[in-house]
Amino acid sequence: MPIANNTMRTTQILEIRNESPTVKTFVFTDRLCSKAKPGQFLMLWIPGIDEIPLSIMDTSNGIVSVSVKAVGDATRYMHTMQTGAIIGIRGPFGNSFTETRGRALLVGGGTGTAPLLFLAKQLSTKTDRLTFVEGAKTKEELLFLKQIGKICEYKNTITTTEDGTAGLQCLVTKPLSDVLDREHFDMIYTCGPEVMVKKIFEMTDKRKLPIEASLERLMRCGIGLCGSCVIGKYRVCRDGPVFTGAQLREIKNELGTSKIGIDGSKVPI
Amino acid sequence: MEQNRLTTNIAGLKLTNPTILASGIMGYSAESMDRVAKSGAGAVITKSVGIKPRVGYANPTIVQTESGLINAMGLPNPGIEKYVNEIKHAKTVLQVPLIVSVFGYSADEYAIVAKKAAEAGADAIELNVSCPHVKQTGAEIGQNPNILSEVVKKVKAETTVPLIVKLSPNVADIVVFAKAAVEAGADVLTAVNTLKALAIDAETMIPILNNIKGGLSGAAIKPVSLRCVYDIADVVDVPIIGCGGISNWRDAVEFLLAGASAVQIGTAVADDIKVFQSVNKGLETYLRKKRYENVKEIVGLAHRK
Amino acid sequence: MEQNRLTTNIAGLKLTNPTILASGIMGYSAESMDRVAKSGAGAVITKSVGIKPRVGYANPTIVQTESGLINAMGLPNPGIEKYVNEIKHAKTVLQVPLIVSVFGYSADEYAIVAKKAAEAGADAIELNVSCPHVKQTGAEIGQNPNILSEVVKKVKAETTVPLIVKLSPNVADIVVFAKAAVEAGADVLTAVNTLKALAIDAETMIPILNNIKGGLSGAAIKPVSLRCVYDIADVVDVPIIGCGGISNWRDAVEFLLAGASAVQIGTAVADDIKVFQSVNKGLETYLRKKRYENVKEIVGLAHRK
Amino acid sequence: MPIANNTMRTTQILEIRNESPTVKTFVFTDRLCSKAKPGQFLMLWIPGIDEIPLSIMDTSNGIVSVSVKAVGDATRYMHTMQTGAIIGIRGPFGNSFTETRGRALLVGGGTGTAPLLFLAKQLSTKTDRLTFVEGAKTKEELLFLKQIGKICEYKNTITTTEDGTAGLQCLVTKPLSDVLDREHFDMIYTCGPEVMVKKIFEMTDKRKLPIEASLERLMRCGIGLCGSCVIGKYRVCRDGPVFTGAQLREIKNELGTSKIGIDGSKVPI
């Protein structure tokens, strides 16, 4: 679709759900984004405040959901918004996770779990088994446990917390090592903090396992022009946000290490 | 053979083809610009760099309009001190000329940044004197022929690489500015930067861009930028680079016929990064069908009477 | 009730709704303008009339572009002597205000034509000082604030009906011209006329328009004309009529929010002569939903901080 | 179709046929115009010379034909053009004749015969009988006699010439009176000099017969903007060129009497 046909449109927030002390889910109607595939994102305009990229967490019949963690000005402002408030939407933008058959492993950290939940829903009818590994700082921050448990069966769900309030007390990468050695997977999907993604990539790369990882970068245009979101030769907004193992290998010097900062210079992550 | 038909030379810059990545598009990192070069561009231009780092404006920094795009990035850039490293790195990676776009708030600033960029290896300098949404650089410099002249002279005195001046279309008579720039020493003119524009959201009743106003680019402005090139070609002898709304080979041909020796492509990259390739392919076919040996032969032909 | 929400008043001109037929569109004959009025326009503007008949340019006089249109009609018009009859006839037919558009090659010419038009019954005069493709009227007058001022003063001295000045977007800073016009006596400003543009045909390698250059109108220029209205609204107190690329109610709302009290519609008539009706319908619904009693209440709201 | 999608495109003249000493037919490919309906016209750009409205005379599989009478600068120039020459095309524009069943009468004068020939082809399979009346100054100027004869059968074809070199020596309106009194027609179609059209309209109006007439006016934009082609409240380019009897009645004061001249003033025809 040419960019001219994906202009911003406004819509009302229909519903707001608390997912954790720091994460809320926002639901609204948007025809275009409701046709998005797992992994795609949208640009959400908070009138008068900011416009930010958010992964699409769920879609159905014209309805779209995004889950937002309050981390700074824009996201904190969003957490104060009420249903009925007007927001602007552009998108869906970017590529998506590829579908797989057989056995899939999904590894999510923080709000990176959102697109993976969307993906899990899509994959559930197509794969033989879905394993979901989710990590967070505390029990309360473990997102979407119920939905994930339903889709993947609880026995295929592994959770970790840094403070040990739920699941294993460790980083998400720890149990992963065992799982990867014990079981065969046809595809590993991950999204979360880039340092986590980097580690997971290294683990799969060593084992020559297929992987798709969704990355985040500072985004301005969202349509592949401004260069704010570049990693290596790729634009996260246009060539990503989902990258294959082969692509991650090309950009491994920057992955988890550096990014283009707000003034266009390369800064450490 | 095929490639030869597209080779050209702009004030000493040797190009394998006349398509150039416009400033501000994927123009921060060497890898990113190299990708564009490998997608077919004959040269690349960096994001405009100033003397100090700038973070630019908060989002929204772009609005998509009917067949166009309004941007008000606010010239986010690392500042020349940091950016010299990227220029040096880019020079080791790129196989096409690297043009560094420079902006400033005074003639001295322009000169300092341009000098550092040239020393770091820039094959040419493009002066952005026409950014319509950043105060005291675009409006004040690109819309006043005397100040423009002063800036160009200072930069020219400090650098030896080809000097490109990118003109603003937001003027009553672009010819005045073209002449002023050339008389002051510009080796090449780029026509044009974006048109000053605005978008308002009816629902929330506010301007959409964080900076309120921005610059319109894309297909919408092509008839205006083409007219600018045509106007300038009538009065100056230096090569002109057409810019504004070019998205296919036919557009490129029109700019060449209007008097441009090469074209820059910006907004069309959003739809397809391979636009350089497809423009070149179409251009090549066009030239072959019309029995021209080289792209230079059609430059300015629309002025025949 | 419904209608009340759209009624407005522009410097004494009572309008049942804020949509106006732009000059040059179906604006020769009384019957034709009446048809547009019956299609919903709150007022109509005639084709620009000068002191003597003009046959205009040979075809092609228009080129369609991506979401726009370039025209170079060359101001074909019967001259005011003959046209006074049509004005008189129109006044017997029309149930909406009739605005006569006037152009000239000197302040005196403008004044003579305006006076005759007013005497024949024009409810208001719009000065076309901004036709970009006819030499010595558009460029010379609409792009020089001193000459503009002189023209407006002369016309003002000779007429008593509301005086509308239609500004050119082909200037570095439209605010200068808006101020000059208002200080010289303009009661209303129209922003804007067309953007100077060009189209070239790649196959035949020549400019398409017979006059070579023309004026770009239609959706393509909306972001620019909207910006012009916004800029002017910041500095003048007279009512502004927005013009340039308006084709639906949302566009109209944006112009009102930017500071226009009414809007003119031109190019969009090609797609649908009932565009006035549909703009009004959408505007009415918008105002009702937003709980405004009258369209005047939203004028300029995008300037709130 | 929005005007933006009907931009000018160039094409080559594929074939040129002499139809009479003053009329030539030009054949070229144009995808859009080849889908035109009888009555519609196109704007033909003669590069560097002029752009003129011409009725579409025939279409088939992407191929379009127009027949042009040399009357002035542009049309005379066209008569000097050779196959292979480049022309520009916009269109098809305007409305078209409505299809009819039963019996139809077509009355053509001069190049006005061109759109009627196109119409006759379309109607031939749909009507019970087609009668064609054609008038010209001389025998040589009687256009498309062979094609018309084939479609309408020769016995249903009446020709008139002013000099009597073929058919009846009179104006086309003369035999028409008899025909209209003698036979019943479900629709009468006409195109030709406006004075002729006016007379025919009066004849049908008196007899309360349905009529559709195609008119010509000076055209600049061709898309309903500039007002050059206005007759009464109608734009010939956009609301016409085909007008019904009811419409002709509304504009009868101007029909055959006055038009908007090249400077926008009303001038006698």
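Just so it is clear, A, B, C and D label the chains in written order, and each chain counts residues from 1 on its own.
In this section, contacts are C-beta pairs under 8 Å (C-beta built on N, C-alpha and C of every residue); 3 or more make two chains touch, one makes a residue touch a chain.
These numbers come from a predicted model, not from an experiment.
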Centroid distance [mean C-alpha coordinates] between subunit D and subunit C, Å: 36
Centre-of-Cα separation between subunit C and subunit A, whole angstrom: 50
CA centroid of subunit A to CA centroid of subunit D, Å: 64
Overlap residues in subunit A, where contacts from two or more other chains coincide: none
Residues of subunit C engaged with two or more neighbouring chains: 65-68, 201, 206, 219
Chain contact graph, described as a line, ring, star, complete graph or other shape: line
Which pairs of chains touch, using the document's own definition: A-B, B-C, C-D
Subunit C-touching residues of subunit B, taken from the complex the two chains share: 65-68, 70, 139, 143, 170-173, 195-200, 202, 205-207, 212-213, 216, 219-224, 226-227, 230, 250, 253-254, 257-258, 286, 298, 301-302, 304
Parts of subunit C lying in touch with subunit D, wherever the complex brings them together: 24-29, 31-32, 34-35, 47, 53-56, 58-69, 71, 73, 76-79, 82-83, 86, 201, 203-204, 206, 208, 210, 218-219, 266-267, 269-271, 273
Contact footprint of subunit C on subunit D as seen in their complex: 2-4, 6-8, 10, 43, 45, 47-48, 50-52, 86, 88, 90, 220-228, 230, 232-235, 238, 260-266
